[in-house]
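What follows is a pair of complexes built around subunit A, which joins subunit B in one and subunit C in the other.
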Partner chain A sequence: MPVNETIFAYAVGRIRALETRLLDKGKLERMVEAASGDEALKVLAETDYAGLVAELASVHDFEKILQEEIKRVFSLVKKISPQPYLTDLMGLKYDVHNLKVLLKAKYLEETNHDILFPVGTIQIDKLRAMVTEENFRDLPVALRTAAEQITEEFAVSRDPQVIDLSLDRTLYDMLITAARNERAAVLEGLFVREVDLANIKTFLRVKRMGRNKEFFKKAFLPQGRLTADLFINLLEEPLEFLADRLAMSDYAAVVSEGVREWQEKGTITRLEKLSDDFITDYLQQGKRMPFGLEPLIGYLYAKEIEVKNIRMILVGKINGLPIEAIRERLRNVYI
Partner chain B sequence: MEIRVNPTRMELNRLKKRLQMALRGHKLLKDKRDELIRQFLLRVRKNKELREQIEKELTEAFAKFLLARAVMSAETLEEALMYPTARLALKVEKQNIMSVYAPRFTWEQEKTTRGEDSSIYPYGFVGTSAELDTSIDTLSGIMPKLLELAELEKSVQLLADEIEKTRRRVNALEYVLIPKMHETVRYITMKLDESERGALTRLMKVKDIVRAKV
Partner chain C sequence: MTGIVLALLGAALAVGLAGIGSAMGVGLVGQSAAGVVTEDPDKFGQTLLLQALPGTQGIYGLLTGFIIMQRVGVIGADLLNLTMQQGFSVFMASLPVAIVGFISAIYQGKAAAAGVGLIAKRPEELGKAIIYAVMVETYAVLALLASIMLLFGIAL
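Here is the complex of A and B:
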């Protein structure tokens, strides 16, 4: 990092204090063991979420809490971060999500959409106006090119998948390029790992759908450490080869265990959990750093995982999923 | 009890004709009822089979969907599914089962996408769970079956209605109208016989008086 890391002193101090208030394994376990959704919510009311839970009319609206929390955490980190443009990168995916929703809504000729994230860096109203007018000049260059290209391509193909695939790729291109330019090693590491894990998952899914390599190339995110050729050559081969080929990489454990369950039970649950845990492991380095960007990024990611876990538990509890099914999907916690 | 009529010979003839007609109608309706029930049972059995199969598949699909929902946020899930890739054009025609008009569905599933290699999955792979793939897969396979089931269930319902109606008609004929007519025919015949006997006696009496005077 080129800048003096001590500028992070205050932010890291705040984060250290906040970290202790993340839900730990015990709390999550108690929520899992709760008899119903309401009971699980009561456990949540003993934590940092107390204020939000109190405002909640019914357990079925729990998504509101989660969204509020993510929004709060992102704005907090933005406020205390000495380099907000770096922490903003973590929120870029929400902008991209909003853009996807707005584009699709436009093509469907719908205006009623309440599935936007109020978290991103671009204001929703502005974004909406841009999409309606098809004038993307105020977007970051990469997004602008992507949006313009989508507008063109969609008119021909009418395929909504094009929107998602193209924007996902642009998102990670932007993230990794920005991280590299800013020499934010932790962010680069995070995004590259996310890309690789996403590619592994995409590979398995494309393979199961029986699609060809042309399609895989479209879905592939090019910025990772694993190359497209590696996957394309394996597309026609039995699945075991994938684990063999990746045996020397960091993802060996994730892939071999994930693929085994995929073959035995046909579910990708384990792989998805292990992928998230892999990232958590990687970011945990931030816990040992006295200064720097790492703790901030770690905290943001930890919050996202926490929200994911809470959602998993509450959805499971409300719908009466067996405890085991919930437990095997819970992600490891950061603290 | 009996139908109120004038006990005349003309009325009797009319009534006899009606009775014959009723008997014929009764037989026809009874045949219709039997055939309806046969058709009904045939469909009910098929219906049960199909329904059980669909319910099983749907439960599975929903379970998977629930899991996908559990690992994805509501927003991401909605975004992933908001733009459908297929449109179903449904045409409803009539089919005649024993003069019961049940709907017959013909449908055509067309892609809304124009690309050659577009898939049924309207979303990208980042941020969506693979558990969504499987549930979309199952659900899209279920659609034709659901339509078939809808067609079948409606025809079963309509048939049941028709059977009830026909049965009521058969019973009304068998236990009410026909016995009543029989009764009335008897009544008229008796009345006619009676008056004939009366006329005869009168005639004999008149004959006696005339003979006595001579």
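Here is the complex of A and C:
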């Protein structure tokens, strides 16, 4: 339902003040240039993260404070948002991520090293109990159906890919339907763009693995603006054609540069960085809006990117990566 | 019904509508300001300045209302016995400030609330934030001018 955007006045005022405390390029640059992980952490201790850093016993436990920060930011935005169910949509991907990790841990019977995020709308303990008992009755309907279907299908096929594919599709179905029903244009635009970028990545992987179009169709997320036919027709063509085909779309820059690196070095890191920057650019409209949902969504995303950047720097520092290698992976900041 | 009733209705609308507009505008800026001050209490003074801006329309409305009351004799001398035409003229004269005051105060509130966001990031630019909001004031002043000229032009 479209609402009077001025109901966001308080929330946006608060976000405006919070935005000034996001880490800027200079701070990140100082962290990148720090001599070690501990030195980088000292830079972080000068920022809003000071309290969290103080509790940290060793730099190796940094993941804990990053999760803590994301959790804090999500609950803060939920608290100040006049429409918390809309900002909750930003957290749904964590629920789905957790569900994926738990399902895989159960079915692949391996100790899973993937991280569980205590951020989503469903508590992890509850989710774990659901997966153990195979009782998904308390999940949102779409997720419940998907989870039950996975349980059935997996018993037959034993194919772990079913979990990722089916849950990703369900996630974006839920997100885009909800955004459309609530007429939240900024969220719909965000999710559609995420789907398109995910499909481009899927296309590259499928092509490299030399899989056929049936496989691509299964992995393709249908909710985006780029159609399945567009990709399928290109499966047999040289990779350069993808950039040509998308030259007139918003994704031209992302694809041409990302694909070049993919061909030259075989890594997808550049494409991933450019994809994140693309979304940041899109959400930056929120910086100029005095009212409305956009600034809240923009801030949440900015915070996710900030945490991602900190994680990349600290991982790089701990593993002794060269400064240049860390720097080229850093995402653009929102401010 | 004599003309006096219409004249008083005019006074009521001038004070009432312009006042409602100002209340909405000031309220909106107050919400934005509260958001900023929650995180940054030092900004209280600056945001208060911006919050006060949409309040002027209510004052213009009250001023117009006073002039009407004074001219028709509610204040001071005896109540005039107005004809229907005189009463209707006074009523009409109150409309510019009532209507423009109501709407411009809301829009000025929006501009000032945006200004609150501006000073949250760049407190040194308070002057510019105020100027943007004050631009809206122009039209409230013009409406007040029109109302006053009409009121003093009407022969009672």
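Keep this in mind: the second predicted complex is superposed on the first by the 326 of 335 C-alpha atoms of A that agree within 3 Å, B and C clash if a C-alpha of one lies under 4 Å from a C-alpha of the other, contacts with A are read in each partner's own complex, and residues count from 1 in each chain.
Throughout what follows, a contact is a pair of C-beta atoms (placed from the backbone, for glycine too) under 8 Å apart; a residue touches a chain by one contact, two chains touch by 3 or more.
As the structure is a computational prediction, the values presented were derived from the model and not from experiment.
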Request  = Check whether A:30 is in contact with subunit B, with subunit C, with both or with neither, and answer first, second, both or neither.
outcome  = neither
Message = Quick check on the superposed pair: does A:6 touch subunit B, subunit C, both, or neither? Answer first, second, both or neither.
response = second
Request  = Would you sort A:80 into first (subunit B), second (subunit C), both or neither based on which partner it touches?
outcome  = second
Message = According to the stated criteria, A:107 is in contact with first (subunit B), second (subunit C), both, or neither; which is it?
response = first
Message = If we overlay the two complexes on their shared chain A, which of subunit B and subunit C does A:144 touch? Say first, second, both or neither.
response = neither
Message = Of the two partners subunit B and subunit C, which one touches more residues belonging to subunit A?
response = B
Ask   = First (subunit B), second (subunit C), both or neither: which does A:16 touch?
value = second
Message = Looking at A:245 after the superposition, I want to know if it touches subunit B, subunit C, both of them or none. Which is it: first, second, both, neither?
response = neither
Inquiry  = So in the superposed three-chain picture, is A:208 touching just subunit B, just subunit C, both, or none of them (first/second/both/neither)?
reply    = first
Ask   = Of all residues in subunit C, which touch subunit A in the complex?
value = 28, 31-36, 38-40, 43, 110, 113-114, 116-117, 120-121
Message = Which stretch or stretches of subunit B touch subunit A in the complex?
response = 66-67, 69-71, 73-76, 78-80, 82-85, 112-115, 117-119, 121-127, 129-131, 133-134
Ask   = For subunit A, which residues are in contact with subunit C within the complex?
value = 6, 9-20, 80, 290-291
Message = Quick check: in the complex, which residue numbers of subunit A touch subunit B?
response = 63, 66-67, 93, 97, 100-101, 104-105, 107-108, 113, 115-117, 156-165, 167-168, 171-172, 198, 201-202, 204-206, 208-209, 211-212, 214-215, 219, 221, 266-269, 272, 307-308, 311-312, 315-316, 319, 321, 325-326, 329
